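As written, the chain order gives the labels A, B and C, with residue 1 at the start of each chain.
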């Protein structure tokens, strides 16, 4: 990544939106999240850097997806606040994009790749109205951007894992958001798709927007992302990849389970007590 | 009501209802556990064409052909659902919906068009049975005659069929209890141990089909469905172990049958009502009432029990917070706090926390001031200790920053863990406070 | 029962009834048509509405919720009858009855949600409990109504299995109105329902009120169920919601087409079923409608070109055959090109005859020779075989549905650049063999 280019992009983003210039795209404060009453994230604080490509990294069950879902209000927060550019999610919904995990949907659903991408525009289309030609064109160009234009009319079950992932990415692109949450965009894709997706993510970042990805592959974190959040029930460390991805931090993230904290979580779940 | 009328008119319907309830109730446990409740629903609808066709083909009500025909159509349902789900790639719920509704429609159609007269089944009795018509024409005069061959031979045919079915079901459940249990809990490990889940599935389904058929004629399909699901569901709310669940479900089934019959027959009779509710309908309502009651009042899992637990916990948390607050004030050199402040600070829904603390001798109130008693101080020290140990743990082990650990510790201090909390590396909590 | 002496009369009656609504279509709008026409048209439209709503219910995996809902209408239906009877209203007013049915149907759905939320029981058990218990309660209420109401309650029985013959014109018009509302709402909400059915988390993040959209789907199911009570009946209305949608799925992979086919199947079932039932009042309309739908389902499952069993089987066999042919030709071509030493031909007599009829080989006194066509194809297969292997080695991400693609189509799957790259990777590209060779004659 070219630091000066990124700085320029940041500046241009700031210039174009002066009213939010002081606020970071995502500010999480003291967020505790319980899944089925069992706390999985303890007291998370996080400030996202604008125009960055950030990876959320941690072992299985560390609460990576939960972090994203809690930020987006898909999972209720027990405590804490989440603000986007200093505002609650409700107010800035249109500026936030989301790419869920590929496994979260039924890929045998009777829709084509283009139909799925159009779903990213539904909010702009509005209640009851049909998807207009202009929206369809926008969806088509998003498909082109991820190299899937030839597959637009194909039913989604006839796509490979990597192609399905690209369709999801295209749908996120049509949302034209400024902050993207992506849940495992690189999971189960082939090498060429991985390159293609990464290229798109970098383009997004270079245009001054922010991407936060749940990422499972430690080997590629340093190469792909410029910032990283190390997560394991709590934020172990967060910051620039080069400084944060140290052996010590990784050891604290992946090594040694917090047995007492897990035991406490179990007991809280059993006690049936809702979080205060 | 004399003994004689009871024996003639009531005993057989009641017995038939009870037999159906227990037979279906026992099997239901495995359906509910395997999330196949609706397969029971599907089968009990889909046996209809089998029964009707067997009636028509054999032109008789001989039990064996009818039983075989209906069981076959029950198994056909299971197979067709599987076929449509796998090969047709249709979601299981929808596959069941397609199969049972078409087969049931087929049964109704043949019954209405072809042979209502010869079959003496009508669409109504398919749903709610003919319990009321079961009479014992030759009841014994004395108890001693009960077991004579002649008397037993005079029992209505459905009672015989149902009794034999119940015995078969009991033998099935008892001998294959272990296998059914593991196949329901973890099909893969069952397969690994050489218990074919497919075989168990079809075995269970054929027994369910048989039970449905045997009960169908007497109590109708609706009660069969209710009994396949409700007693097991009730038992599931009341127990945590499969063995006790099966036993409880049998008891619930008996209670459902008895109470349902009483409400449908004896109560209206006693109160002199003009209408007699359908026995099967009433039993179903009772079965539903048991489920609802168990959901609300189950001592371990019920809504009330959970509410009470939550309340008790909240009360304890409020009390502990109060004691800790007084303890911290003492540490800072204030031996008493204004009770008005304390009441306000404790959780809004439990303003009585202070009085209760005073009553249990943990806090003494003098005038408008509250202070810890010796017992209270000891209790408070334990809480504050846990709080500070947690803070230390969260900083040392979890790597949270010291200004972030107070909130989680406020929650964690109220838990009593089996594992001992370690003394923080610094010997004091992250804010430098001593560990009591 | 069909009088066996008069089957012809029955058939002509049936044909006449089937044609009746069409002949009277102009009268339907001005009020001069037979009752039967209204009833048949209403049943057909019910099928259309159920077909549309059913698609979304199927995709949202809520098919069997409608079973709980329809059974749960029973106590409300009878209660409405009793209440109307008690306050001296017209106890048989269809609007009152259906309103009662709708209320208790909704209560049933809420009951399922209540059980799932407050207990450890799963949705399937909750549905089973609600449908049997509500229906049982309905039966008990019906017993009461039969004895105590001043209006005869016998007509309520028809709601269990459906009885078109007993429907009056206002009944049919009420049904028509409700189903029209359902159809319009379903079409209007198509986009929103699709989104929520496909990916509710995404819908929620992008600001759609998922809960409210789910509620409106439930509302649509309520409308269809209630509208169908009289014609199809409580027990079987679920079939009209499940079957057309499940059948339509076999025909297409596109939702708009699926909706259209499902509506068509539903409409056809309603139309035929109601006509048949009108001709012979003894057959319960519900069962006839459902059997029609069931027949269409079986036909769809077996023959629908997109996902039906037989077309699928034919496709598989054809691919298998093509593979076998390719394999034989590849072997012959390699032998002919001397790439491998002559080996016994791996093809049986049947295959030889087949290749001969396809003009891929020529048979002259027992020796087998490739025609130019056959040779070209054999070489192409050999080359693609290597390309494909190369590709699999380098990029192991293949769509499951591509696995049975013939090697013949490698070029279509792979981009031209990739093919070039792969060709370069193959040490000895078999692309330029000499144009003619010994052993090949035309």
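Everything that follows uses one rule, which is that a contact is a pair of C-beta atoms (placed from the backbone, for glycine too) under 8 Å apart; a residue touches a chain by one contact, two chains touch by 3 or more.
Keep in mind the model is a prediction, meaning the values are calculated, not measured.
With chains as nodes and touching pairs as edges, the resulting graph is complete, every pair of chains being joined. For chain B, the chain with the farthest CA centroid is A. Here the CA centre of chain A is 40 Å from the CA centre of chain B. One finds 34 Å separating the Cα centroids of chain B and chain C.
Residues of chain B found to touch two or more other chains are 89. Those residues of chain C in touch with two or more other chains are numbered 249. Listing the residues of chain A that touch chain C in their complex gives 69, 72-74, 93-94, 96, 98, 100, 104-106, 109-112, 115-116, 119-120, 122-123, 125, 127-131, 155, 157-163, 171, 175, 189-193. Put simply, chain C touches chain A in their complex at residues 59, 188-189, 191-192, 194-195, 197-199, 201-202, 204-208, 249, 252-255, 258, 395-402. Residues 30, 32, 42-43, 45, 79, 108, 233-234, 236-237, 252, 256, 258-261, 263-264, 267-268, 271-276 of chain A are the ones that touch chain B when the two sit in their complex. By the touch criterion stated above, chain B contacts chain A in their complex at residues 89, 306, 309-310, 313-314, 393-394, 397-400, 404-405, 407-408, 410-412, 415, 417-419, 421. Chain B makes touch with chain C in their complex at residues 32, 35-38, 40-41, 45, 84, 87-91, 93-98, 101-102, 104-106, 108-109, 112-114, 123-124, 127-128, 222-223, 225-226, 228-230, 232-233, 236-237, 264, 274-278, 280-285, 287-288, 291, 295, 301, 303.
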